[in-house]
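I'd like to ask some things about the structure below.
Chain lettering (A, B, C, D and E) follows the sequence in which the chains are written, and residue indices restart at 1 in each chain.
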Amino acid sequence: MTNALIVDAALALLVLGLALWVIATRAAYRAVVGFVAYGLLMAIIWVRLAAVDVAMTEAALGTGLTGLLLLGAAARLAPYETAEFDRRPGRGLRVLIGLLCAAVTLGLAAVVLLLPAPAPSLASLVADNLPPTGVGNPVTGVLLAHRAIDTLLESVVLLPALIGVWSVAANPAWGGRPGSLPRPPASSALTLLAQVLPPFGILVGIHLVWNGADDPGGKFQGATVLAAMWILVLIAGLREAPALRERRLRVLLVVGALVFIGIGASGIWLAGAFLAYPEGYAKPLILAIEAVLTLSIAATLGLLLAGPPAGDRPIGTTS
Amino acid sequence: MNDPTLFGLCGAALVGLGLYGLLCQPGALRKILAFNLIGSGVFLLFGVIALRGGGVLAAAGRGIDGDPVPQALIITGLVVAFAATSIAVALLLRLAETSGRTTLENEAPPAPSLPGERASRPDGES
Amino acid sequence: MDLAALLVTPFARLTELGGLLLVIPLMLPVVGLLLAPLLRGRWLGGGLLGRFTLLLLLLGLVAALAVATAVLTGDEALKYYLGGWLPPLGVALKADGLSAIMLLLSAVVILAVGVYAQREFQVPPDASETRASLVFWMLLMGVWAGLNAAFLGQDLFTLFVALELLTFSAVPLVALDGRAETLAAALRYLLFALLGSVLYLLGAVLFYGTYATLDITLLAERISGEPALPPAVIAAAALMTVGLLAKTALFPLHLWLPPAHAGAPPPASAILSALVVKASFFLILRLWFDVMPGALTPMTAQILGGLGAGAILFGNLVALRQARLKLLIAYSTVAQIGYLFLIFPLAARAESAALTGGMLQVVAHALAKAAMFMAAGLIAKALGHDRVRDLGGCVRVLPLTLLAFGLAGLSLIGLQPSGGYLTKTLLTAAADGTGQGWLGLVIQVGGLLTAAYLFWVFGHVLFGVPSTPAMPIKPPGRAQELVVLALALGALLLGLVPPALFDLVEVGRAGLEASAAVATAMAGAFGWSKLWGDVWPLLVVGLLVLGMLPWPDRPAGGSPRPATTSLSVTGHWAADLGTLLEPADRGLRQWPVAGLSLLILLLALAAAISTGA
Amino acid sequence: MPEFLLGAAAFVLGTVALGLMRLLRGPGHADRMLSAQLLGTGGVGALLLLGVATGVGAIAEVALLLALLAAFASVAFVSGIQRSDGRGPPSATAPAAADSPGEHRRETA
Amino acid sequence: MRLALDILTIVAVSLGAIFFLAGTVGLLRFPDTLTRLHALTKADNLGLGLVVLGLLPQVSGPLSALALLAVWLLALLSGSTVGQLLAGKAAVPDPDRAPTLTPGAGASHD
């Protein structure tokens, strides 16, 4: 057990050190690099907390997509950054805020230490109520059956977020291709990576969704991988991002949640409640929802990364 | 002190650190990073609660390691946090493009700029 | 007769659906949001999407009416278990009286905004879709979906997702015009709201860690069974309250509100001010009156009430100093939010009056403020600016709009028979009855200050010199003006609604006497002595304010003059006060300072809650 | 054996954590990135060790995901470095824009 | 047989760990970015490969073994790609530390 404790302590210290770096370092780009490393360690911590589903999400979203998003932003903002440092609040204010933040941390730490033991939990209730859902992974059961409304609302939330990202576009660019992805110059290594990785990634993504019913994995993780592969192809310039006015793209974005609502509504007549599944059909329906939702979420996540429309000019004409 | 508690304390510290960064770092991108730190501290606490909640089951020899409900909620929360980050980044990039500002002072005139430093950039847009 | 039957029968059947009825207001906006990106093209000369949204809003109004009818006639809260799973495993929806009121209010206000915005966001003849139209209509539905989910949800995490849906939809609306200031305002709003969300989520996490449930009913049962509040619950309550306060923009956490609400397009401002800030307030009510009733210690109540009183005084005074109409209205929102928090110190011993008054304030302010923002939008559009000093002469161009603005203002001031009057009477009576007369005084002073800035605006409108002769650039649409007027009239006539309808407030909570409280408050409202007693201070304020106006010797050229050049005594007072207040406001709205306030508030609330534990 | 594998995981983690010194010291973006990359590979290795040590097969999938997305993040790193080369505020009209690949994507509508 | 496999595991994993250490030392001690890059990619790829090799006897099915190998191949692929991409870029200094005129970014203001 001691080795495990050493691993845990090392992880906790490293994560805290990196968080400190993210907060304190002067240049945003360095902070973001630290944040990506931080996300990586968080994924390992989730494994240590026996939350493999979460670890997968963190690995895919936290390091992968968030990393790309923030690195791109840091790079584009670097030219404006010089003025920032001088705008820090005065030393007295900083010390005061620091003290209060420390007080918050101490209070939370006390609360953590005083949490009730034995810990109350819904674990056994979930285990008892998993069979009717037909899935073997309790996390998937919770997400798609017991608390399906959260998952539904959450997949809906992504749409206003995407509209929010699009909304900063200039009027004439509206409906055009998204334009925030980094564009390194053509290089054989990148092209090779963008050709070799996606088939593999797509396989992994499908595996995660398919397996997510019974083993760790699921639509969010799978969708993130698919989105990452798509973005990689776009970055390498092998494909062009679609114009955002394309109707097929729009359909792809919303079809997942619509199917979810449709199946949920049919549950009113077939299973006695909105978002309930008829007995015996729960698993196929859940898999169907997961499959369609994966596509919609992957498209949305990818487009969130790709940024607001920047007009119809073909990308890569000058590089 | 058992392992999950260690990570729980780590989560508490992350929340405090993130709060400090969110309030004291002037740059909006840094604030976004700090928000993500607070978020991950909160999720970490939730993960610790999930693991503690699994103790009952592990003792009974059932096949679940932790409480799956918090784990499911954390996954949802991570996706929401990503969406929040992407909106914030989009707004920030646009703000920087149109005005050269990356901080959040409001109506205040642009900070007195040093010679050679550019407070705003000419822009052909809109 | 046949037609009536045709309409009534389906409606009656709708109200008999029971809990399933709640799924309609929850899902209708969501479906609309999902279909919106597919609906392109022009239709009936305005754009398919706008017309489609209007249809959906009408349906939503019917659904909200059905919920309210079912709740009122059934005299108990509607409840629905999604997927058939009972809490703590599943998620419940519940509509008690408060939810029904909020659902109805949002449906009415958003419908009005939808009608108003048809003209603003129509698609030009040569396009099938524009940026502004798609973004506005989609996010309008996003806001609506988030609001309804927040009003119906019974699970703290579902409510978190609802809040995020609301935030993500509201923020881009602020920056719809794409100017740097509004982008900055939106970013500021987003980041502060996200801080609020994450604190709220942390609170929910701690609740789960203590009781392994997030269901409000179950939590209430378990918390009321505790001999003393566990530390995690104290921390959770403080974190959630502060997080939600940040989203409600209660003074001194109002840093984001004025620029965001003033910078958004008028229909969006109307939604933001009338409804969006109320959603997080509604969740604060849920937390303190449903999740942990009885845990509201006097200290906690005093802190919240004190901030409310501060908001009323501070917000109104700063509003008085605003040069732009939309900013003035935004600061008025800061002040009006304050009234909502007065119910906490009053609720302990006068719950009926406090809660009824609070809900009435939510409704009256929503109607009045939506009307005012949209009226300001029409004014700004017609004149090309919204500088208060240059509003002279616009009454000839926009008589209806200004009438609506004035009527809405009467409700904010709190004259009979407006909703504002009811609110103030109820709250003042509760304050006097519980020995907190100073709160009553704050309410009175707040009303006078409100009157002052409205007189200020109308003084300029009526007596100011027209700045440019060729004024009407674009006359407003008749439908727009009528909608604004209808909202304003709604706010003004709220007091004449049969008191029995206010029983809606008490459905789902024991021991409330809403209709009786309202009936008492309205009794004698129109007596001469009462009327005179309410009106003469306003006249005094009016005279004082008119003394401040730089008329009639306004210099030609229309260049704005600083208030200090006014010769009147009150002008000097105002200027002196202003030199004190404006830096204070600017200081408080600095990001780190607001953050410091938030941290102090968090720790103070935690301490206050634990005093009773 | 699990104890040994856990120990090895701790060792690998500790080692690559030392590499984070490069993150602190720089001096170039590339150097900082290298330390993150080392952390990535080491983290993947540690995860594999952990997975086998605890007998949870799914951990290997986390490692797989991490390796997959690390490749992705690295590409972002490299592209980002190129973007942030340009020092001054980028201007779409500057002739130099063609040299820094990020520039032409700014809207010039 | 079991014992031999266990010994293989111990030896290979230990060697792998040492390679990781070597990579770290290289990263910290080598004088410039390019040499650091080369030392690092070699060391950590070898380290990971040895760890995977060592773990192979310990996993149950061929599928798990395949997954292990896939992880290594992925790491190799991404490592080499990044190495190639970086090799041309290694000389880029951290602009905050060492402001220099980068060729191409003609409009340098300092």
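Here, a contact is a pair of C-beta atoms (placed from the backbone, for glycine too) under 8 Å apart; a residue touches a chain by one contact, two chains touch by 3 or more.
Not measured: the values here are computed from a predicted model.
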Moving only to chains each one touches, count the minimum steps from chain C until you reach chain D. 2
Two chains share more C-beta contact pairs than any other pair here; which two are they? A-B
Which chain would you call central, comparing Cα centres to the global Cα centre? B
Average the CA atoms of each chain to get its centre, and name the chain whose centre is farthest from that of chain E. C
Centroid-based (C-alpha) most distant chain relative to chain A: C
Report the inter-centroid distance (CA atoms only) between chain A and chain D in whole Å. 17
Could you give the separation in Å between the centres of chain B and chain E, each centre being the mean of its C-alpha atoms? 29
Whole-Å gap between the CA centroids of chain B and chain D: 19
For chain B, give me the residues that contact two or more of the other chains. 15, 19, 23-24, 32, 45, 49, 52-53, 67, 69, 73, 76, 80, 83-84, 87, 91-92, 94, 100-101, 105, 117-118, 125-126
So which stretches of chain E touch two or more other chains? 70, 74, 77-78, 81, 85, 94-95, 109-110
Among all residues of chain A, those touching at least two other chains are 4, 30, 46, 48, 65, 74, 76, 78, 80, 89, 93-94, 97, 101, 104, 108, 111, 115, 119-122, 126, 146-147, 150, 154, 157, 161, 164, 168-171, 180, 184, 190, 193, 197, 200
Chain E contacts chain A in the complex at 70, 74, 77-78, 80-81, 84-85, 88, 94-96
For the complex, which residues does chain A have touching chain C? 89, 93-94, 96-97, 100-101, 103-104, 107-108, 110-111, 114-116, 119-122, 125-126, 129, 145-150, 152-154, 156-157, 159-161, 163-164, 166-171, 174-175, 245, 247, 250-251, 253-254, 257-258, 261, 265, 267-268, 271-277
Considering the complex alone, what residue numbers of chain B touch chain A? 3-21, 23-27, 29-30, 32-34, 36-37, 40, 43-45, 47-57, 60, 62-69, 71-76, 78-80, 82-87, 89-94, 96, 100-103, 105, 111, 113, 117, 119, 125-126
Chain D contacts chain E in the complex at 1, 4-5, 8, 11-12, 15-16, 18-19, 21-22, 26-35, 37-38, 41-42, 44-45, 48-49, 52, 57, 60-61, 63-64, 67-68, 70-71, 74-75, 77-78, 81-82, 84-89, 91, 94-96, 99-100
Inside the complex, what are the residues of chain C that reach chain B? 89, 157, 160-161, 164, 167-168, 171-172, 175, 178-181, 183-188, 190-191, 194-195, 197-198, 201-202, 205-206, 208-209, 212, 255, 259, 586, 589-592, 595-596, 599
